[in-house]
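In what comes next, chain A is part of two complexes: it sits with chain B in the first one and with chain C in the second one.
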Partner chain A sequence: MSEPPLVDVRGLSRTFDVSKPWLNRVLEGDERRLLKAVQDVSFTIERRETFALVGESGSGKSTVAKMVVGLLQPTDGSVTIDGVDMWKGSAAGDIKALRRRIQMIFQDPYASLNPRWRVGRIIADPIRAFGLAKGKAEIEHRTGELLRLVGLDPLDARKYPHEFSGGQRQRICIARALSSKPQFLVCDEPTSALDVSVQAQILNLMRDLQDQFGLTYLFISHNLAVVRHMAARIGVMYLGRLVEIAPAGALFSAPQHPYSRMLLDAVPDLKMSGRPRKMIEGEIPNPIRPPPGCAFHPRCPLATDQCRSEVPLPLAFQGRTVACHEAGAGRI
Partner chain B sequence: MEIDAGDEDGSAAADDTGFLARVRDNDLLHSFLRNRLVVVAAAVTLTFVLLSVLAPWIAPHDPYDVRTLSLLDSHTPPAWEQGGDPRFLLGTDDQGRDILSTILFGARISIAIGILSVLLAMGIGVSLGLIAGYFGGPADTVIMRIADVQLTFPAILTALLIDGVARVMLGAHQSAGGEFWILVVAIGLSYWVQYARTVRGVTLVERNKEYVQAARLIGLGPFKIMFAQVLPNVMSPVLVIATINLALAVLTEATLSFLGVGLPPTEPSLGTLIRIGNNFLMSGEYWIVIFPGIALAALVLAVNLVGDWLRDALNPKLR
Partner chain C sequence: MTRPVLSVRGLRVEFPTRKGVLVAVDDISFDIAEGEVLGVVGESGAGKSMTGSAVIGLIEPPGRIAGGEVRLDGRRIDNLPYEEMRRIRGRRIGMIFQDPLTSLNPLYRIGDQIVETIRAHAPVGEKAARQRAIALLGDVGIQGAEARIDSYPHQFSGGMRQRVVIALALAADPELVIADEPTTALDVSIQAQIIQLLKRLCRERGTAVMLITHDMGVIAETADRVAVMYAGRIAEIGPVRDVVQSPHHPYTKGLMGSIPTLDANAPRLMQIPGAMPRLNAIPKGCAFHPRCMEALGRCWQDRPEPAAIGRSEVACWLTAGAVAGAGR
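Here is the complex of A and B:
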């Protein structure tokens, strides 16, 4: 297939200034403090593919998501979606057309719906913003269609969000995301706030919709089981960097980065195969003062002197990309 | 408000979320009916509003119509006292105006100034609070520092200052209704701070919620998000402040008028009446000051009680 990838993220970085106010810095002689939330992240997502980002809390997954959808300006790097650069050198009209084709599903279904708006108005908001339907009747018809599509009743449009359960709310969020007929959906931990029994329903709904509308997903999660169910390719993030990108099957059967290995070893083994389950050791370091060299070296069982001084670059390796000095040395 | 526009058609009552069902299940209504004091206070407030709106039709005399006044009627005591005149139930003032009628007309002016100045303060305060909270940064700093500075002055002093400046500026071409609007602006400008601070606080929380991000995602501008998305979520504390503020505004107007910088004696508000009556208190003509005073106290107390109840009822932590 010669079609270019839908999403092309290159060298994406974001630094937050978390210093104290100017006067405090002057009086207390403090330095400026910068938090490098995301550093040099590059990946592509093919059309109709699900690409997942996994990692612990604070690894920068959500920051990447916000930059990809255009909510947060990157410090460096580019996000190109369908040939349009999201942040630099694109005409305003192109950006506006692009916004219609990107939507997001948020983590907290209780905070992502305006509590004072009726569901119908919430779902119709993108339709109105992009002028996709004219007149009250047409908008109402479209809203009803969307509600039915996500398994709710068209009459639910008259209710307020607090009348729904978490899973139903997430369905409403999905309906809102689909209302502008997007191509690309960014899902930021869409099921982590839901009951386990409801998670599967929502995930299956998302897969069905992907097949039906040819959607492309960027799926963010810390739940490896969920990611395995959804994604074709997976990127593992650690402290703002992508340490490994691999096809889902390959990653789960033979992780090539020691951090990926550690995450997989920590997954509870439901098949009772007797595989010993290892606890995750240590905690994610303070991102304001990251360790020198490979950020993972304080927790890495294979760390060498090289790891403590040099940042490993991502290298293509057996159909995947791995950022580790020891990758391929047969020790993982 | 615009929030429900378009969704409120006749068939809404068909399902469980219909208007009648919502009224029936409303916690606020239950809490209201359970609280006798508040019901009485609300009734008093409503009576005052009705009486003042209907004043031109129900008042026995028109205190503004100089032709009907007679100095011979001046200083008449209330009807039940010796020398009282049944035409003037609560007596007359120094110009022969019926006290009952002037109270009705005075309450009308007091309430009008109160409501208009509260609306002005609310408009300014809510807008600035939304801007400060939503944009943050320099806009926030500038607005909130101005608010802090204004907060260090008592509201009555601010109102006096604005009133004085306005009078000097408009002095040359002051029209008949000039004082009325000067008072509205002076009182409105002295009470915006409380709204701004409250709204800013709530906005700081709301702007980080995901529904605001969802609105930014589809390219809506900041003002559209502030007023359509965030505003409905900050309205309940604003309503509480507005109610309590109404009592304060009426009181401030009365104070300004009592001090002589408010409405002129020809167009008396409750405060002006009390000031006029004050001059005759020592000569035993108590009715000129007492009855407008009772009216003012009752009005302010009633509005305050409703406001206090609303604050408690809308605060989920106190339920």
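Here is the complex of A and C:
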């Protein structure tokens, strides 16, 4: 029997209240306005696997990441990591033990390091917080080890974040994330702020570390090529919903959801093969007032009356999950 | 060959500081022909935006053009007085910047902004200018232009705003458009629309375009020729197909290899060690030599000048040696 998946996300939803203040609502007769940032998202991540979420701005991918690491409470649904439910019905001790095993890497390496702390203290913070090493010498030794692991010098522990370039700072963020010996890393656009040559260094480093420590990644990006390079399975998000989950190879060779197809066609063609591309029409609708039925129908070339009224449910289909009324009808 | 619309020769941009003079753009030369799109690509700090600013005469003091010349249609523009240069900007050189929100005035209707631009540069009446503004908005793909011309910038989405900015840049029918990271702030699906639009409009009008971006994909899609910049200099310049598919300069090779692609599932990306040098620490000789896997002794000492290889020009001792070797 195979091991159960490390991460199991079921029916995850999050609604934000973006109404005007109470008095304005009363005086101006406005309705309460709710933004459904994430709706009914389910996926699993196997151990030592990289699962990626991809989507355009406003698709809810970062909101999912925050709920998975425990920074944001879901409105509905559950996040279960290694058998422990992050939000409901678990003992506080179990959750604390779980927190050590989950770490996060953020997009902006300039904003995610305290400018007034030396690098050594930044990296040692999780070690101290979880009591993983005792005594100054042991902590210093461990910090030096971590810095060497991410390709920096142990002496860099004495410097401040501003003395490093963007790529080096992201290495520091990775060292900090690894300091609590986690199993599961959530990476929210880890290379979007970096130049391509530096991005390649960081992506290679992340792969090496995964092999070395058997890490599991939830990798979030808007860049399809980066996702293709990193992930084994990919979930495509559109306006808060997962529209397709598929193995990377299958998604890129034969996308089944019209939105996945559209995203792929939009990627600039470096090979200059002159492959035919469908121009994408329209823009992402306002998430406060999403279109009825399938949220993608106003931009979809295949939309039918059913799409305009009924929300398509995710269906398992040839080893993948697709939420589209027309999937499998051979029209995509 | 016809005279190029834009011709830059030996351009050098300096920033005097207390610790010495920083050279942001160092002796670069290129031409852009009518209807041609020249892509200028490089990583942050390569000097690509600074080159664009130098061409339109918008370098912030204390920065200054310290050498070389910029010619528009054969006439020097880098030494013009401020007032004369101001008349050229907008009229003969259009500009598109990264963030469409900052290039539009939030307090004016978009129609008024376009009409103002048209009337500032052409002797037409209010009505005629408005008609032209509507036609322009239609050209850039804004549906119902007649109704939307009286909207404010905040009533448009990011992609639509960038279309308005393009309309504004083309309002006075310029000979040259400088687009600095025009799609960087946009989502991928919108980015593709904007690239296609810019390319189509400039081709139809015969406008020369200098497209500045860090995104090789955008260059491959849009540009006819590309200049790859590194540490203030052009490492390689040539037809986009040659540069993208068979680069000569080790930096271009590394850059192309480090871009993840959709089809190849290589376990590792090619990587260039280190990072672009800061302006105050540009190495002697070839600025790329500390990161170059193939550096020769000569690369540490002498600065390579651009030399022709096929249809490209490459500033590298390795390829220069190969050409000399072949000639012997």
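Note that in this section the second predicted complex is superposed on the first by the 327 of 332 C-alpha atoms of A that agree within 3 Å, B and C clash if a C-alpha of one lies under 4 Å from a C-alpha of the other, contacts with A are read in each partner's own complex, and residues count from 1 in each chain.
Simple rule for what comes next: a residue touches a chain if its C-beta (ideal position, glycine included) is under 8 Å from a C-beta of that chain, and two chains touch if they have at least 3 such contacts.
Predicted, not measured: the structure shown is a model, and the values here were computed from it.
> Please determine, from the superposition on chain A, whether chain B and chain C clash or fit.
After superposition on chain A, chain B vs chain C: fit, no clash.
> After the superposition on chain A, what angle is formed at the C-alpha centre of chain A by the C-alpha centres of chain B and chain C, rounded to the nearest 10 degrees?
Nearest-10 rounding gives 80 degrees.
> Contact-wise, after the overlay, does A:118 reach chain B, chain C, both or neither (first, second, both, neither)?
A:118: touches chain B, not chain C.
> After superposition on the shared chain, which partner residues are touched by A:129: those of chain B (first), chain C (second), both, or neither?
First partner only.
> If you stack the two complexes on chain A, which partner ends up touching A:96: first (chain B), second (chain C), both, or neither?
Touch status of A:96: first partner only.
> Please work out whether A:176 is in contact with chain B alone, chain C alone, both, or neither, and reply first, second, both or neither.
first
> For A:300, decide between first (touching chain B), second (touching chain C), both and neither.
After superposition on chain A, A:300 lies in contact with neither partner.
> Could you say whether A:234 touches chain B, chain C, both of them, or neither, answering first, second, both or neither?
In the superposition, A:234 contacts neither chain B nor chain C.
> Between chain B (first) and chain C (second), which, if any, makes contact with A:243: first, second, both or neither?
In the superposition, A:243 touches no partner, neither chain B nor chain C.
> Contacts for A:165 in the overlay, against chain B (first) and chain C (second): which applies, first, second, both or neither?
A:165 contacts chain C only, not chain B.
> Of all C-alpha distances between chain B and chain C after superposition, which is the least, in Å?
12
> Where on chain A do the contacts with chain B and the contacts with chain C coincide?
none
> Give every residue of chain C touching chain A within the complex, in rising order.
Touching chain A from chain C are residues 43-44, 157, 159-160, 187-193, 195-196, 214-218, 220-221, 240-241, 244-245, 254-263, 265-273, 275-276.
> What residues on chain B touch chain A, complex-wise?
Contact set of chain B toward chain A: 3-4, 6-7, 12, 15, 17, 209-211, 213-220, 229, 232-233.
> Touching chain C in the complex: which residues of chain A?
Going by the criterion above, the answer is residues 56-57, 165, 167-168, 195-201, 203-204, 207, 222-226, 228-229, 248-249, 252, 262-272, 277, 279-280, 283-284.
> Where on chain A does chain B make contact in their complex?
My answer: residues 69-71, 96, 99-100, 102-104, 106-108, 111-118, 120-122, 125-126, 129-130, 136, 155, 158-160, 163, 173, 176, 180.
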